[in-house]
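Structure, as C-alpha cells:
Chain IDs A, B, C and D follow the sequence of writing; residue 1 opens each chain.
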Amino acid sequence: MSVRGATLLAAAVAGALTLSSCGSGDDSGGAGSGGGSGKRHEIVLSNNYMGNEWRPQMVNVAKFVAGSADYRDKVKLDVRISDATPAAQIQSLQSVIRKKPDAIMIDAASATALNPTLEQACKAGILVFSFDQVVTAPCAYKLPQDYEAQATDAVNWLGTQLKGKGKILMDTGLPGIPLSETYVKVWKKVLAEKYPGIEVVGTFSSQYAPGPELQGVSAQLARNPKIDGILSGAYVASDIKALKQAGRPMVPMTGLDFNGGQKQCATEKLKCFFIGAPAFVSGMAIERIVKVLDGGQQPKQEVYFDTNYVSEAGQIDFPHTQKLETLKAGENYYPDGADSLVTPISFGAHDITAADVLGK
Amino acid sequence: MTRLRAPRIHLSTVSAFALCAVLFVIATLHASGFASGDNVRQLLVFASFVGFAALGQTLVVLSGGMDLSVPWLMAFGGIQLSHWATGGMPGGAAIALVVLVGALIGVVNGVGVAFLRIPPIIMTLAVGGLVQAYLLSLGLLDSSGKSPVPAAAVSAASDRLGPLPIVAWVWLVVAVAVGLLLSRSAAGRRIYAVGANEEVARLSGIDVARVRLAAYALSGAAAAFAGVILAGYVGNTYLDIGQPYLFASIAAVVVGGASILGGHGTYWGTVAGALTLTVLSAMLPLFHLSDAGLKVVYGVVILLGVWLSQSGGELLARVRRRATISPEPPHSPEVTTSAP
Amino acid sequence: MSTATVPVERRLRLPRPRIDWGIAVTTLLLATLVVVDLSLQPALADITQIGLLVQTALPLLFVAAAQTLAVLVRGIDLSVGGVFAVANTMTAVWVGAAGGNHQLLLLAVLVAGLAMGAINGVLIAGLGFQPFIATLGTWTAYGGVALMILPSDGGAVPLVLTSILNGTVAGIPASIVIVAVLLLAWRVLRTSRFGTQIYAVGDDEERARLNGTPVRRVRLLVYALAGLCAAVGGIMLAGATSTGSPTAGDPYILMSLSAVVIGGTSLRGGAGGVGLSVMAAFSLILISDIASAMNLDVWVSVAASALLLLVMVTARALVERRAEGRTP
Amino acid sequence: MRLLKVAGLRKSYGAVDVLRGVGLEARGGEIHGLLGENGAGKSTLMKILSGVTRADAGSVTLDGEPLTLGRPTASTAAGVRTVFQELSTLPQLTVAENLLYGAEPTALLGHVRGRRLRDQARELLARFGLERIDVDRRLGTLALGDRQLLEVVKALRETPRVLILDEATSALSAEDSAWVLGQGRRAAEAGAVVLLITHRLAEVRAHAERVTVLRGGDDVLAVPTAEADDDELIAAMLGRRVERLYPRRGGAPAGPLLRVSDLSVGDRVGPLDLTLHEGEVLGIGGLQGQGQRELLMALGGAVPWSGSARLRDAPYAGTSPKRAIADGVTLVPEDRQREGLLLADPVARNLTVGSLPRFTRPGGLIDAAREATAAAAQATQVGVAHDRLGSPVSALSGGNQQKVVLGKALLADPSVLLLHDCTRGVDVGTKAEIFTLIAELADRGVGIVLYSSDLSELANVCDRVLVMAEGRLVGEVPSGELSEEAILRLAVGSVPDRAEVAA
C-alpha cells in the first residue's frame, strides 16, 4: 500500500513537472522557430529582486522596449528573476548559459560575486551587459550610474541650502550593499571637507523601504528638537510624513526620484533634491545590446549620468557633476500618477506611459 | 483559594516590564529628549506594530506552535488592502475584509498543524511562501494616483486621541481584551492546556484541533491588521513591509517571558517585550554605534532579556518541580505508547 | 505477584519489511527532479555542467548539514546565517588580503566557525537557553560581526580557493568531490561512538543521561560542529563567487530548515541524517534550476517551492503513519 | 562476602527533605528487598547509587571502598548496574546499539565496527535466551515487555557488583516478571548485591532474603524477610496499621447502564460485546497488552472505534473525549503524568480543566469563585489537602497526583468511569483510599470499568471480571467465583503458546 502510495506520488510529481515543462517547451520552441526565421536576438534579462518598487518598473520597461515597434522583430526577451542572493542568481545564470542566448543583460546581486559565472558566459560566446548594479567582470559591458557623483551632488545641494551650517539626519541605507556604502562614504567625506559647520546629529537606516525610513526619521526627530536637513538616499515622501507627524517645519531633504515625494515637494513648494535613478535604464540597455549584436560600436563601460531633480530652479546654486532639472508636471513628475512611479517614465524616442511601467 | 493562577507567570511579565523600564531610564539619562512626550508617543506607535504582529504569535506560541507566516500576512494586509481600496472598495469594508481573509489564511495554517500534523514551523513557512507568491502575482505596483491606503488606516496610525496616538489606544484595548481572554476565559484555559500538554488536553475533553485553528486564525487576523496599520502609518505598501516583524514578533514573545514550548506566558508579557525591543532599537543609535555594532548589541541584549525574564520565573518553577518530582520519577513515554 | 511458572506467552512477530521509507521518499524525489531537469536541459548531461550546478549548491548543502546536526539533538540553529556570513567575509577580507599561507588562515576561519558554534552550544547546553531563542540572538550578533569585518560586498578571495573549487580531481569536478567528502565525513561521524551519542541525546535526553552519556558535552560539540559546517558553507560561497558578502548567509537559514524537513530528519530529534538533508537540499537547488530552465514567473517558482515543502511533509507523514500502522 | 554499605545519605530539594540520613546494608549473594510508600525516598536512593543524582551528604561504600557519587559513569565503573523503572533504552537506536551503548567495539578514530557490534549483541541475547529478538530492529518498534527485558540484559552485560532492580517488574506480565527476577537471582548467586525495589509485597516475600523499609526519607526497618509478616511490613511502610486494603461494598449492581455490541478498534481489538450495570465495578483482566488499553480508550472516545453502544436508553457515540465526557463517560487514562495532568499547572486548574463548561459564564469568561469552590470540594472528596490547591501538581507525590486525576474525572460528574490501572505506582495507603472511593461511587450508582495489572485488585474490588486475550473477551469470572487464580487461569489458558511459532 505504502509502496504504491509513494510511487503514485512520485509519478504524479514527475508527471506534473513534465507536463508543465512540455508546455513551456512548446512555447520556447515556437519562439525559437520564430527566431530562426526572423533572426530575432535572444536576450535574457537576469534580475534578482522584486521586493521594492523600482525593480518591477525596470523589468516592465525592458518588456515594453523589447515589444515596441522598433524592436519587436529584433528582440526576443526572456526575464529570469531569481532570489536576491548571488548564489541564486549564479544558478539561474547557469541554466541561461546552457541555453546559449545571444545576450544576457543583468542587474546583479553583487558587483563581484557573479564574475566567475559571467566570464563563463562570455567564453560561451554570450554578450554580457550589466546595468544598474553593474559587475566588475572585464568581459562584460557596463552601464553604471555614477553613485559617487550622485551622492556628491546631493550633499553639495544640502550643504548649499543650509549655507554650511546646521544639524542634519543621515540615512545609512541598507547595511551591507555597495550603494549605501558609497553614499555614506561620500557624504561623510564631503561634509567633513566642505561643510564642517554641518553636524550629523542622528543616523537612520532607510533600508530603501518607506516604512523603515519613516520610523527612523520619526525616532530621530523625537530625540532631536532641532533638525535643519535630511540627507537620505531613499524616500522623501517618508521624510515629509515624519516631519508632519511630529509637527515640525519642513527642512531641505534629499532622496530618490519617486513620484510621491516629487508631487509633494512641487505642490507644497518644499526644498527637495531627487537623485535620478530611472527605471528605464533597462530599456537603454536593450538598445545598446541590439546595437552591439547588429555589429555596432559600444564602449565597454559607459557611465550613465543621471539627471537629478530639484524642486525649484532657484535652488540650483552648487557645484554639480550630473545633469540637473527642476520639477515640471507631466514631464518629470506626474501629479495624478501613482506615488511609486520612478520618474521620468520615458526616454529617447519611446512613448512609455505610466500604465506600461506599472504593468497594467 | 483564589490562587488559581500560577504566580511565576506574573513574575516573568513583571521582569520584562522592569527590563524595559531600565533601558528607558538608561536612554533618558543619556539623552533627555528620550523621555519627551513626542518620543514616547513615537515609541508607542512603533511598539504597537510589533505588539499586533506578536499578538497572534503569542497565542500560537502559548498553544505550543509558532507562526512564521506573520511577515507575509502583514504584507498581505497592506498590499491587498491597497489593492481593494484603490479598486473602489470603501476603506472600512476593505480593512474588515483583509483582516477576515487574514484569519482564513491563519485557518489554513491551523488545518495543516492540527489535522495534517505538519510541524508548525514548516506549515507556516510554506503558507508564508504561498502568500508571498500570491502577492508577487498581483504585480505589486498600483497605478492610481490616489493614496494607496484608505484614510481610515492612515488616521488610525497617525492621528492622536487625547494624549496618545489612536493606534496606542487600540493596542491598549486589544491588550486588555487578550489579557482577559487568556487569564479569565475558558478559551484561554484551553489554549494553555493544549500548549502545556496536548494529549492531556484532548483526554480532558478539549477539542485540540479547534483550539489550534482558533489560535492560528487569530494570528492571521492580527498579522493582517498589523499590516493594515503599518501601511496606514507608512502611507504606502510594498512586499517586504513585514520582514522586520518576523524576528521582532518572536523576540517580543520570548523576551516577554513566554515559553517557546508553549503552556505558559501572557500577552502582557509580550506587550512588555514589544516595548523593550522598541526602546532598545530606538536607544542604540543614540550611542553612536555603527550599524554593525548595533546589530551585535541588539542580539546580546535580546539574549540577556530572555534570560532575565525567563530565568527568574522558570528556574524557580524548575526548582520547585524538581523538588517533588524526583522522589518519584516520571513515567517514561514508553510506558504509555506501548503498542499492543 | 505469584511466581507461577505459566507457559511463556510470546506474541507472534512478523519480519518487518526492511525498506526505510524516509530514505526511499527522499531518494525518489531527488531522482525524479534529476530526470526532469535532464530532460529539460540536455546540455546538463555533462560532468562539467553538473560540477557547476553542484558548486552553486555547495553553500546550501553545508548549511543544511549544519542545520541537520542541530535538529538531530532536538534543536535548531538560526545562527547558521550569521556564522556563514562571518566565515564568508573573513575569507574575503582577511584570508584574501594576507599573502602566503592561505591554508593556515582558512583553518583559522574554520576555527572561528567552530567557536561561534561553541558559543551557541554554551548558551544552550550550559545556560539552558532554548535553541531557537539562543540562536535567534547569536544570529543577530554574528550578523553584526560580519558587517564589522566587511561593510558591503567585496573583498578578495584567495585565488587558491577559487582554483581549487573550479579544479578537478581525477577528471571529476572538485565540487562533486567535496560533496563526497562531506558525505564520507558524515558517515564516519555517524558510525562513531559520538555519532551514536548524538542520536541518543536527540532521542531522549534523560535516558541518554541514564546511559552515561555526557549530554551537555555532546550538545555543545554538536553545535560547534554545526558552526564548523556553516563556516565551510560560507567559505564555499566565497570561493564560488570570488567575493565576500556580509548578508549572504541569511537566505540559507529557512532554506536549510526546509531541506532538513524535506529530507526527513525529524524536528523532534534522534532520527534522520545529514545524507538525507544533502539530498533534499540538492532537490531544492534542482527545483530552482528547473524553474529557471522553464522560465517560470517568479511567483510560480515561489509557490512551487512552498507547495513542494507541504507535499513532501504531508506525504511523509502519511507514509510513515501507514508504515507505523503495520508494525506490531 | 561483598557488602554494600550506605550511611547517612541526605538529599533535599529546596525545603523538601527527601532523604534524611538513610542507611542500608546489603550483602552479596542475596536479594535485598526495598519497600516504601511513594515519597519514602526509594527512587532517590537508587538514583544516588547509580550516579544520576548527587547526594547532599552521606557515604556509600562497596566492600569498604568509597563509591564516587554523582556521575553515572563513575557508578558504572564501580560495577553498579540499574534496571530503571522508567526505561533507559533509546527507542530510535537499534537493539544492538542499545545493548552495547557506551561499550561499542571500536576501531581507529572511534569508528564503531558495525558487524562486531551486531555479533556481540547477538551473543549477549543468546546468553539470556532471547535469540528471537532481532538486533537490527529499532528498539522503539519492540513490544514494551521486550524492551524491559532488554533493559535487564543491558544491565547484566558485564557481571555487576551491584544490581538494582527499580520497579523493574511493575509493567511486566507474570512470566516476564519471573524471568527478570530469575536473572536477579542468578546475579546474586554470582556474588552481586541485588536490590529489589517493588510495590509488590508478595514479590519481596517470594524473592528477597532481607528487606529494608523506608519511610519519609528514613530507614525504619531492616530484617530478614522470613522474620516479618505482611502486616508488620505494611505497618512499617505506613507508620500505622491499615485495617483493610479493600473496602466492603454496600449495594449491589442494578440495571444495565452501558451496553456495547460489536466494538472493534482497528484490527487489534474486538469485535466484542459487554454490558456494564449501574453501581457495578466491572474488572477487565488478562495479560498485559491484550487490548485492554484500546478498549478503555475507545469507550472514553479517545481512539476511533466501530460498533454500537447505548448509554441507559440513548445511543452512545463516543467519538471524542469531549463528547464522551459530555455524555457522562469519563476516562482516567493509564499514564497520569503524560495523559492525565498538566504538570506545571496548579492543582485546582488540573481539577477543573476537564469540566470548564460548567464554570463558564455566557460571555465565555470563567466564574472564578464557582471554580474555586468546586475545586476545593473535589479536593476534599478525593483527599487532597486544600493548601496544595495553588501549588503546581508536579509538586505532589505520585499518590496525590493520581487523586487529582481522579478528582478531575469525578468533577465532570460521570455516570460511567473508566479506570486504567489507576493504582499503578501508588503507595498502599493511597490505594486503600482509592478503593474506598471506588466503592462509594459504585454505591451511588456509578458504573465503573476497572482495568488493573494487579490480580488481587481485580479479585477483591470488582463485582465481576472480564478477561481479554488478543483483543477479545475470552471469559468472565462471575461475582461468586472471583479469585486471582480464576482470572489468571482464563488469562493464560486461552492463549496459545506462541513461543515456538515466533522462534
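To be clear about the criterion, a residue touches a chain if its C-beta (ideal position, glycine included) is under 8 Å from a C-beta of that chain, and two chains touch if they have at least 3 such contacts.
As the structure is a prediction and not an experimental result, all values here were calculated from the model.
Considering the contact criterion stated above, the chains in touch with chain B and with chain C alike are A, D.
Path length between chain B and chain D in the chain contact graph, taken as the least number of steps between touching chains: 1. Two chains share more touching C-beta pairs than any other pair, namely B-D.
Centroid distances from chain D, each centroid being the mean of CA atoms, peak for A. Once the centre of each chain is set as its mean CA position, chain C and chain D turn out to be 41 Å apart.
Chain centres here are Cα means. That of chain A falls 34 Å from that of chain C.
Remark: chain A and chain B have CA centroids separated by 34 Å (rounded to whole angstrom). Separation between the centroids of chain A and chain D, computed from CA atoms only, is 69 Å. Within chain D, contacts with two or more other chains are made by residues 84, 86-87, 89, 91, 141, 143, 289. Residues of chain A found to touch two or more other chains are 50, 175. Annotation for chain C: residues 147, 151, 204, 207, 297-298, 327-328 touch two or more other chains.
Here the chains touching each other pair up as A-B, A-C, B-C, B-D, C-D. Chain C makes touch with chain A in their complex at residues 19, 21, 24-25, 28-29, 32-33, 35-36, 39-41, 43-44, 49, 52-53, 56-57, 59-60, 147, 151-154, 162, 166, 237, 240-243, 245-248, 251, 285, 288-290, 292-298, 311, 315, 318-319, 322-323.
Residues of chain D that touch chain B in their complex: 13-16, 18, 38-41, 43-44, 47, 53, 84-87, 89, 91, 140-141, 143-144, 147, 171, 268-269, 289-291, 293-294, 300, 302, 320-322, 324-326, 331, 333-346, 348-349, 353-357, 359-360, 364-366, 368, 371-372, 375-376, 386, 389-392, 394-398, 408, 412, 425, 471. Of all residues in chain B, those touching chain C in their complex are 68, 112, 116-119, 121-123, 125-130, 132-137, 247, 250-251, 254, 259-261, 290-300, 302-303, 306-307, 332-333, 339. Across the interface of their complex, chain D is touched by residues 1-6, 180, 184-187, 189-190, 192-193, 196-197, 199-207, 263-264, 317, 319-336, 338-340 of chain B.
Taken together, the chain D residues at the contact with chain C in this complex read 50, 52, 72-73, 76, 82, 84, 86-93, 97, 101-102, 104, 106, 109-112, 114, 132, 134, 137, 141, 143, 169, 173-175, 177-178, 181, 200, 202-203, 206-207, 287, 289, 454-455, 484, 488, 492, 495, 497-499, 501-502.
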